[in-house]
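One chain, chain A, links the two complexes that follow: it is found with chain B in the first and with chain C in the second.
== the complex of A and B ==
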């Protein structure tokens, strides 16, 4: 092995400082400016609130690693949440409602995957189209109104705890470890890395590129279905605009976490840190009473800073 | 010599193919009109036809700048949000200074600056255009909502309102603006070196660079033009509805993209025309108008537009595969 093999830049560790610096700067900044920030209750609050975003950012990382994108994930989350709420109110069965939400995610994931893999439509335009479809369906089902009257059993999924740990954190941790295992310890993961870095190699090896791509987008849809359960439980209602724009936070978290849009290399731990960074930013700005509209602009700025660092690293 | 000859033959062939495609699309427009006329009594009234023309003028103005972006194989998802911010800033300036001219300069200037920022993100930071402009979209929406704080600015001087709701010789003013920019856009794209360089970038950025095209500068120009056209469109909306709100252009991005794609511009860059986009804008407006006349719930609109976008790209993809 040459000495280059030991250079820090060649290791994924080289990314730790980037996201970590962003996180430390944010935490220090908010810790100084708002007294309520560095309390255990608030930190637990940040982590709990970040869980929904993490459920979206995990598949988004995998999708972006395949040089793809899923703009529809926020709208699918919204529609799944509406279907969940409507089903649980109509049937009274939380299990059936959850399955319905997963079904919605599965259908949209499958639709995205087939359009992208079989019909060869570029991912961003495919998911932009399905975003419109999911949004239209949400409006049609609800007529623009909130769906309320959800049983307490659903709400407890967000507010309940096991051994003092909030349920959402347990769910998010499970999702993280499952995605980690999928990505780094299965053939699926190896193929995902190849889809972004060297698609031709997969083809030569006789692996169905189409099948793999479809699976990746189905994974995204299913995770949106899971996230719908948490979001409905958190809001104790479903609203046709509730999850709109969540894909922006998810893409931002992935970008801040150091996954590249072009080179097909991703880093799941980076995404976790990116999600927490976005969560910290939102929470800190909330404490400073910055309106949520401005928070979006701040997240955008965060992404530009992160990509700028990423670009400088790549050039060096 | 041989290659040059072949290129000449090919370009003549492409031209005739373009003309044929435009012809088919016009046929589509006529068919749509015929169907609409039979389905609805209101469709063939002067009022409705003028309304369709005015609507498609607005859509065309946004889509024409976007056409240039898509010709370079890029995308601008921020134009709807750009319209919102430009309209709100222009409205404020008109209200404060009382000068429509200053307001118009603000609207177009704001749009152009936003486009410039997009261009810099895409070229200097090398962020893929659909991600850069998507982020820009959300940032602009945030800034606009914050700036407006739920307020509405309304009531503008009559001379400014002429731009959106006025008539000249019985034809709505926006239609004249549309024709003007159809000529400018068409001539720029087909008859100037810069226009041809834009096609070259879309067809093959590496070859374009090797041929001495200043790729980065042309890209920045294209995004700035797209932004400025969104700024111009915002003025027309403002003059027409006589009020500005934070959510003013939100629903226009997807229809504008659909208009460009239905108009025959390839998402993969390098082929398409501004005139085609005009036909695309007409088709899109007719479809949305039909849904209004047939009293179909407006919630269907994003769904239908989404399906149209997917269909248009699918056809484009197939055509390319056959071409290869």
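== the complex of A and C ==
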């Protein structure tokens, strides 16, 4: 394929990833149009609100790098959040409740992984199915109502600070560094690249492809359990529709961040920037009083623009 | 003769349904030698190597490691004896770096459980790369490397696993002259370290420049083991060809060729061919021969309009075409691709659906699909080509290879194609059904169609074609008229001297 005439590749910006360009343009745009945007309080707000999405987008990056997908991650978060709320109200133990939420994530991750790796059901179908199951269970347990009456100790996980830094940001930063270490400094991470890039190479090297795939989806489920803790703390309740559509935002953030859906080409830092770009977009549109339905459309457009810029770069 | 071979295969036989791939072949490899394995396509070289590395199991025969009888029943066993194959399609992970690829699955552990010692992996990789004289930063990701460099990484990977016997299958096929030199220098270095190399090649110059010994396979038999000093290129070619003729098919007399159907002038393209001139007349089967990778398929795709062309012109029935597969098909050209399963057929659909696929516009000018009319058209084709199916409704995937091939042809026949390009029409078809395919081609030209046929099997070209062009390195290096059309002539023109 060849293009004549204008190409971004000819400009010096060619080496800057699409997601960085998008982020700068968004910040500049909102900085000019809404006076409330570029304030320290608002920026802290954007970052804090992005933490839950980051907890989902990190494992989503790993999953997509294996040429897989996890559509169930938002619904699993929701169900884990409900189980957490119900458990803490019933037992009064936040620790037990948190473990229960992680247990939900573990079960769904394991289920996804086994169905995909052992029974060879395509990830799209598998996780679409478990999305439905998790969503249905959430509605069943709550009868469609919010679960309220959660102790303050949980709520403080979202609103509390340490040395002036909000707890959620500390948790998200930890999650980022752990995922980074996993992906770039462990055997597991090395094999994630191989799962997407050349499974045959992994087989020839005597590594169990199935075992690695199951671990990848278990990681996704566990991270959804962690995200459920933040979500419950943030809402100070659990709601059966709280996580609906979060898989969309997570996949969008990964795509905006430049992770390719083929050949194990992933970039974790890109995902972080992608999550922030989605957060900036939502926040800026909120400040401009744009309805949330239009916001979803804007996130869709964001994905296309970022990939378009990346595509122009790769053209040469 | 007291040399105990490093590894020895004795009396290996292997049969596939309908084909005897290897028949009582013996082969030995000594430390520090480059052992050339030559033979035509289909002579059994690949099968023999797959048995050596444990990918196939021999029906009969025995193995000896340093003179001790052993068994190889899977690739793990082969690796234990230090046998490694550098495959044509590499087993590399594109977005890992060179060092991580070399040590994939054997990473050095750091003190933390599960963590890897990247520094040590890179240092060890550097050591292996130095050993083969490949000067590159092991931190480079593999996806940015060229074919030659990826091949070097594969070799480094094999050596890091203490390989003593390296199998290289046409390693220079995709390399430039300069890269080939580097590869040869590396091979010399490996020899000095006592590594044995089994080298499959079609290039006579390489066979004589590199080889310490030569083994010739033909039709699954070990024809000769020679020393390069005691043989000549001509003798080698004679040993490689000279197969008995397939007796199930006799070539009928052909009509006198009619008007020029396809006229290609000075065609060049970025996919690796240049200055191609060829003509095909009505009622004629013209062969396009040459080794795999000589650019035959690329030329065919360019003629059909599937690949880009940078210079020259293509005329079909006197009218200029090019650049669009739709226009080529509309004007009566058909390409029957090498891989019919992925490129020629909708495997999940019925025989009938496949047959009408390319002629929908002709059958249903109004755009409305009329099942009865489609059925009728499909039945006519099934009868005409004698496709073995009880009903057009049968899924095409359930048919034999030969009958699937007929469905692909039928698809184009139904679309009124008058010029056919066949790319390896007998690939994957058992011997018995081949004659049936040849009769099909005969039938087409008898009805006035013109055919350009690509085949790697010289015997087929000699057998069926009226004339043939021979390609080498993206160029046509010769045209053979019917009386000159022999296997030896094709091989001589097609091989790098």
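The rule is short, and it goes like this: the second predicted complex is superposed on the first by the 295 of 316 C-alpha atoms of A that agree within 3 Å, B and C clash if a C-alpha of one lies under 4 Å from a C-alpha of the other, contacts with A are read in each partner's own complex, and residues count from 1 in each chain.
Keep this in mind: a residue touches a chain if its C-beta (ideal position, glycine included) is under 8 Å from a C-beta of that chain, and two chains touch if they have at least 3 such contacts.
Note that the structure is a prediction, hence the values are computed from the model and not measured.
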item	value
Partner chain(s) touched by A:132 [first = chain B, second = chain C, both, neither]	first
Partner chain(s) touched by A:251 [first = chain B, second = chain C, both, neither]	first
First (chain B), second (chain C), both or neither touched by A:266	second
Partner contacting more residues of chain A (chain B vs chain C)	B
Which superposed partner A:160 touches (first chain B, second chain C, both, neither)	neither
Partner chain in contact with A:303 - chain B first, chain C second, else both or neither	first
Contacts of A:185 with chain B and chain C, given as first, second, both or neither	second
First, second, both or neither for A:36, with chain B first and chain C second	neither
Touching partner for A:202 - first (chain B), second (chain C), both, neither	second
Contacts of A:294 with chain B and chain C, given as first, second, both or neither	first
Footprint of chain C on chain A - complex, ascending	181, 185-188, 190, 193-194, 196-198, 200-202, 204-207, 263-266
Chain C to chain A touching residues, read off their complex	75-76, 91-96, 100-101, 104-107, 110, 114-116, 118, 143
Of chain B, residues touching chain A in the complex	75, 77, 121, 125-128, 130-131, 134-136, 138-139, 141-146, 254, 257, 267, 297, 299-307, 309-310, 313-314, 317, 321
Residues of chain A that touch chain B when the two form their complex	69, 71, 115, 119-122, 124-126, 128-133, 135-137, 139-140, 143-144, 245, 248, 251-252, 255, 261-262, 291-297, 299-301, 303-304, 307-308, 311
